[in-house]
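Think of it as A, B, C, D, E and F in the order they're written, each chain with its own count starting at 1.
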Amino acid sequence: MTSLALLFPPPILFFALGFGAGALRSDLAVPDALAKALSLYLMVAIGLKGGAAVAMPGGAEGLVPALAAGVALSLLLPLPAFLLLRTMTRLDRETAAAVAGHYGSVSVVTFAAAVGALSARGVGYEPFMPAVLAAMETPAILTALLLARHGSAARAEAPRGGGAPRHLLHEVFLNGSVVVLLGSFAIGWIGGPAAKAQLSVFAEGLFPGALCLFLLEMGLVAVRQLRAAGRGLEPALIGFGLLMPLIGAACGLGGGWLAGLSPGGMALMAVLGASASYIAVPAAMRLALPRADAGIYVTLSVAVTFPFNVVVGIPLYLWVAGATG
Amino acid sequence: MTSLALLFPPPILFFALGFGAGALRSDLAVPDALAKALSLYLMVAIGLKGGAAVAMPGGAEGLVPALAAGVALSLLLPLPAFLLLRTMTRLDRETAAAVAGHYGSVSVVTFAAAVGALSARGVGYEPFMPAVLAAMETPAILTALLLARHGSAARAEAPRGGGAPRHLLHEVFLNGSVVVLLGSFAIGWIGGPAAKAQLSVFAEGLFPGALCLFLLEMGLVAVRQLRAAGRGLEPALIGFGLLMPLIGAACGLGGGWLAGLSPGGMALMAVLGASASYIAVPAAMRLALPRADAGIYVTLSVAVTFPFNVVVGIPLYLWVAGATG
Amino acid sequence: MTSLALLFPPPILFFALGFGAGALRSDLAVPDALAKALSLYLMVAIGLKGGAAVAMPGGAEGLVPALAAGVALSLLLPLPAFLLLRTMTRLDRETAAAVAGHYGSVSVVTFAAAVGALSARGVGYEPFMPAVLAAMETPAILTALLLARHGSAARAEAPRGGGAPRHLLHEVFLNGSVVVLLGSFAIGWIGGPAAKAQLSVFAEGLFPGALCLFLLEMGLVAVRQLRAAGRGLEPALIGFGLLMPLIGAACGLGGGWLAGLSPGGMALMAVLGASASYIAVPAAMRLALPRADAGIYVTLSVAVTFPFNVVVGIPLYLWVAGATG
Amino acid sequence: MHARKRIEIVVEAVQAEAVTELLDRLGAPGWTMLPVIAGRGRQGLRRGGDPGGVLDNVLILCIASEEVTARVLAEREELLGARPAIVSVSDCAVLRGEHF
Amino acid sequence: MHARKRIEIVVEAVQAEAVTELLDRLGAPGWTMLPVIAGRGRQGLRRGGDPGGVLDNVLILCIASEEVTARVLAEREELLGARPAIVSVSDCAVLRGEHF
Amino acid sequence: MHARKRIEIVVEAVQAEAVTELLDRLGAPGWTMLPVIAGRGRQGLRRGGDPGGVLDNVLILCIASEEVTARVLAEREELLGARPAIVSVSDCAVLRGEHF
């Protein structure tokens, strides 16, 4: 593989293609349903593959400390994020708390891109990392709510009938992403090698192509979001969106090291720390903190931090973790 | 393969995942268009695979008696179903006739799950069974109409302009499922081994994964349907939804035996007898018997009989047919 | 492979299946989002495969003259088309110009079907042909506008706010199809053999099946379109839709010969010349020439010329080009 | 501006074509059909997306003259019958009277 | 024909269920929910299709009696609150008065 | 409640952005765009879903003051021109007058 191809693997180039097409206002579009289908597929495939790998002898070794590290990161990372936002930017408390929640949580596709980069370099990693990914999706939501608590009567705001607290707990424990990731992980685990073999074309063969298509869509979404909400983004916010992933990655490296992970595993933990949610947390925040400005957190997550991680962050975190093959 | 993995293969676990997620009111969702795409894909893949197998030397041997048995089952099974419904439950004649029609017809995904179970156990079956599946889809509609005839002025009800009779004949002979299954079967047959090789990643490699995703959706649909129409289901109706598949399976076994099928083929015939339509017949019934309560038949078919067959029925029918490898 | 299977490969049979089902008013339907997803997939796969092939030693040899020939064909073919339409039919100048633009441009799926036919016959072709395909998509739009210019105040018609000229240039240079085809081509090229291997299940394994499904949908669309706009089609227009591809194919053969292509490449160039756009150009024409009758060009392209090329044209052009293995 | 009626029909998707054919037959100048995600009425919740599509609804909008509207409403049985369906009518004004 | 009110609510999709539950609770005889492609309001452009779906809107249509309508409008805070949402009401007539 | 106008425009999807830009330019306080499955008018049946999307329609709903509505209707040529399109206007009332 040429070093150009290593630096710019197809998924990243497809992201760039989508971003460029969007920036130049091409009429290129990915149907909504395809984007949702791809997102679902990626979670199922990641879960199945991880579960099947854990079913191998010794595959679950070290799972518990890694899960603990992941949950701790998800719970704690919103704190520095909130601090930074309240000092660096003029966001109100509620929006700052909501944004902070996104950075404790994770992005499935950033994880998938990192896994792809590790494979391309032939670097191994602990097979249970998809379970860590799932475990990190939602604890950050709780921290975000605690941070918002002293603000305006945030929770009283939610519609009485809708039962925000009920919805909220569902978002934390029964969020669609969490359910699909953990469920597929368990199914891969139960099914073991037989299921792995039977599902390999689906879960492994298709994976790189599906990731490419989804990143094409993410490029388009990032631009669209920048355009729709970009005016609202003060420079300090953009700075936060570039700085916070570095802090998250550093904490992730530390957590991974404490949990005794391999270089590949540490690199993935850094990626999880660095990445920001763009599916599970936004939906939860709309329900729990309806006064928070969705334009801000969706844009920061999708259009600033996601591209940064995919293009600059992943190679950097892999290199720092010593996971460059 | 562990016995746990044999008892709970991935497709069934994905059904359970969807059902559980729905029951716990997770916000997990499968986009509509993906569900429809998967349903179309499964029919195309089943048809192609069957057709290609029939193109092999001797592949069509025994096709005619099997088709005859299938059509007979489809035409006759609504009779005991109707009798049971009119004696066991308080359904009006028209709704009872509509429900009965569903049980003469078949469910493509139940068939697909059974084929998967046979493959996992290494049990062979007649390759033309997909053609039998297609042939059984719609004859039951005719019986259902005859059963409803003496009821309220059922047919006069259909909108004059829409031309119910015309639509109805289309539903029977040109129903989308029938056309796709038979068409793909014919294309696989004409294409033979060359087409089979060319389409193998698509029609065979992807199949298990697509089935898993579709069953995830079916689990969600089953719960949603139970919730939306569940109140309307008297216990006797649920009893019918669990009893009738056993009757259908017994008749299917008998029919398969008369048609001289192998154990694998008999097992599939039992599955066809036991399964209830949830695509072709509901649509036909809305047009032909608009006074019949769609909530009842959709719920029974999708949320009672389908789960029963997939989880309990298939292993049972395979075991009775001696098709457990 | 039997000669029946060679004459009627699965993609064509699926087209016939869709056409037949539509003609008989079956309720068979392909979800919109699936059709759009397949169309996007086909372009990505064609681009990736072409780019990877060009990355092989010597793969780009002869690219420049072929591109030149393709662009020239796209720019010039609208001229005979326009002439024929204005003499043979009663179309107004603007509609005639719009239709002519479609015939200079190309159809991705016709190209894909031709590539499939070459593979089935084991005939090679220049790997850069997907780049030629992309290059031919939009130049014809410019010619169409020049042809329409002296007509009614066509351009003044476009909504002031929408900025038709801006939109138009985007359609020509940044049309979604062009961007995806060229982008994927470049990504395949950069990625080289490593990317090719990684994406082979996606871009190659799935391809024939995806093409089949898309052609099923095209069959349905062709009938639907004939039915909706068929009354408006005078016989002379249908004649044009059958004659013009022959002219385009002949020019394509000439252009391919001048560019020094192999028989397989010449056959593909003939197919490009013969085919008519049904995605990029219709959208551009709605914006640029809103007075032109969309019913006419969509119907001619999708329901007359496309079926003709797929069923009759491709075998013919391959035979004339001496590309029948 | 010209005064017209705005007829709004929510009906199950499998009956949609029958309704638009009825509108065409009664001389409606046109109609527009919109997708529906979900609906609730006397027949309970109808959430689209079941595999057979029988729980899908559509909304049909038809702008017509008073005369055509009266004819459409007269087909009450035909429109509503036993089917999940509602029909409402309101006033509106259109720009190009000659087309409606 | 019977005079009724036609309530039209555009609200973000994640709040849709809360709104329909409110309508049910206030005695609305039914409602219909339609998908929205994009919308603009005070909160700027909301174009659906972001991965989390938080920028999706839906349109909820509810035909109800004057009385129910008054009750719905009284829940102004509940309906609108801090959320992207608009509510409008117009007059209409329905065929089967007993159902609305 | 405050009296406003409800403008409803059905237009081909490729022109949708031009129409919403026009509404923005004329000072409309907002708009909502809904997908359309199919429509019939003077130009015959327009059933969405052709590969190029040129037969897709959308419905644009805009609630605006009488003044803005008059400005929008004055752009008749711009809105309708040669394109498949219809425009209708009706009365409605809104809860938060300051926003419309």
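Just so it is clear, a residue touches a chain if its C-beta (ideal position, glycine included) is under 8 Å from a C-beta of that chain, and two chains touch if they have at least 3 such contacts.
All figures in this text were calculated on a predicted structure; none of them were measured in a lab.
Minimum number of contact steps separating subunit A from subunit B: 1. Among the remaining chains, those touching subunit B and also subunit F are C, D. Common neighbours of subunit D and subunit E (chains touching each): F. Most remote from subunit F, judged by the distance between CA-atom centroids, is B.
Chain centres were defined as the mean of their Cα atoms; on that basis the chain farthest from subunit D turns out to be A. Interface of subunit A with subunit C: the two copies contact each other largely through different residue positions, with under half of all numbers used appearing on both sides. Subunit B and subunit C have centres, each the mean of its CA atoms, that are 39 Å apart. Annotation: 45 Å between the Cα-based centres of subunit C and subunit E. One inter-chain figure worth recording: subunit A and subunit E are separated by 33 Å, centre to centre, where each centre is the mean of the chain's CA atoms. Chain contacts: subunit E has residues 34-35, 90-91 touching two or more partner chains.
Shared interface positions of subunit B, i.e. residues touching 2 or more other chains, are given as 31-33, 36-37, 201, 205-206, 283.
By the definition of touch given earlier, these chain pairs are in contact: A-B, A-C, A-E, B-C, B-D, C-F, D-E, D-F, E-F. For subunit B in complex with subunit D, the touching residues are 32, 35-36, 39, 157-162, 218, 221, 224-225, 228-229, 232, 277-283, 285-287, 290-291, 294-295, 298, 302. Only residues 1-2, 4-5, 8-10, 13-14, 17, 20-21, 24-34, 37, 120, 201, 205-206, 208-210, 212-213, 216 of subunit A touch subunit C when the two sit together in their complex. Residue ranges on subunit E touching subunit F, taken from their complex, read 8, 10, 34-42, 57, 59, 73, 76, 79-80, 86-91.
On subunit D, the positions that touch subunit B within their shared complex are 12, 14-15, 17-19, 21-22, 25, 43-55, 78, 81-83. Residues of subunit A touching subunit B in their complex: 31-33, 36-37, 40-41, 44, 48, 170-171, 174-176, 179-180, 183-184, 186-187, 190-192, 194-195, 198-199, 201-203, 205-206, 283.
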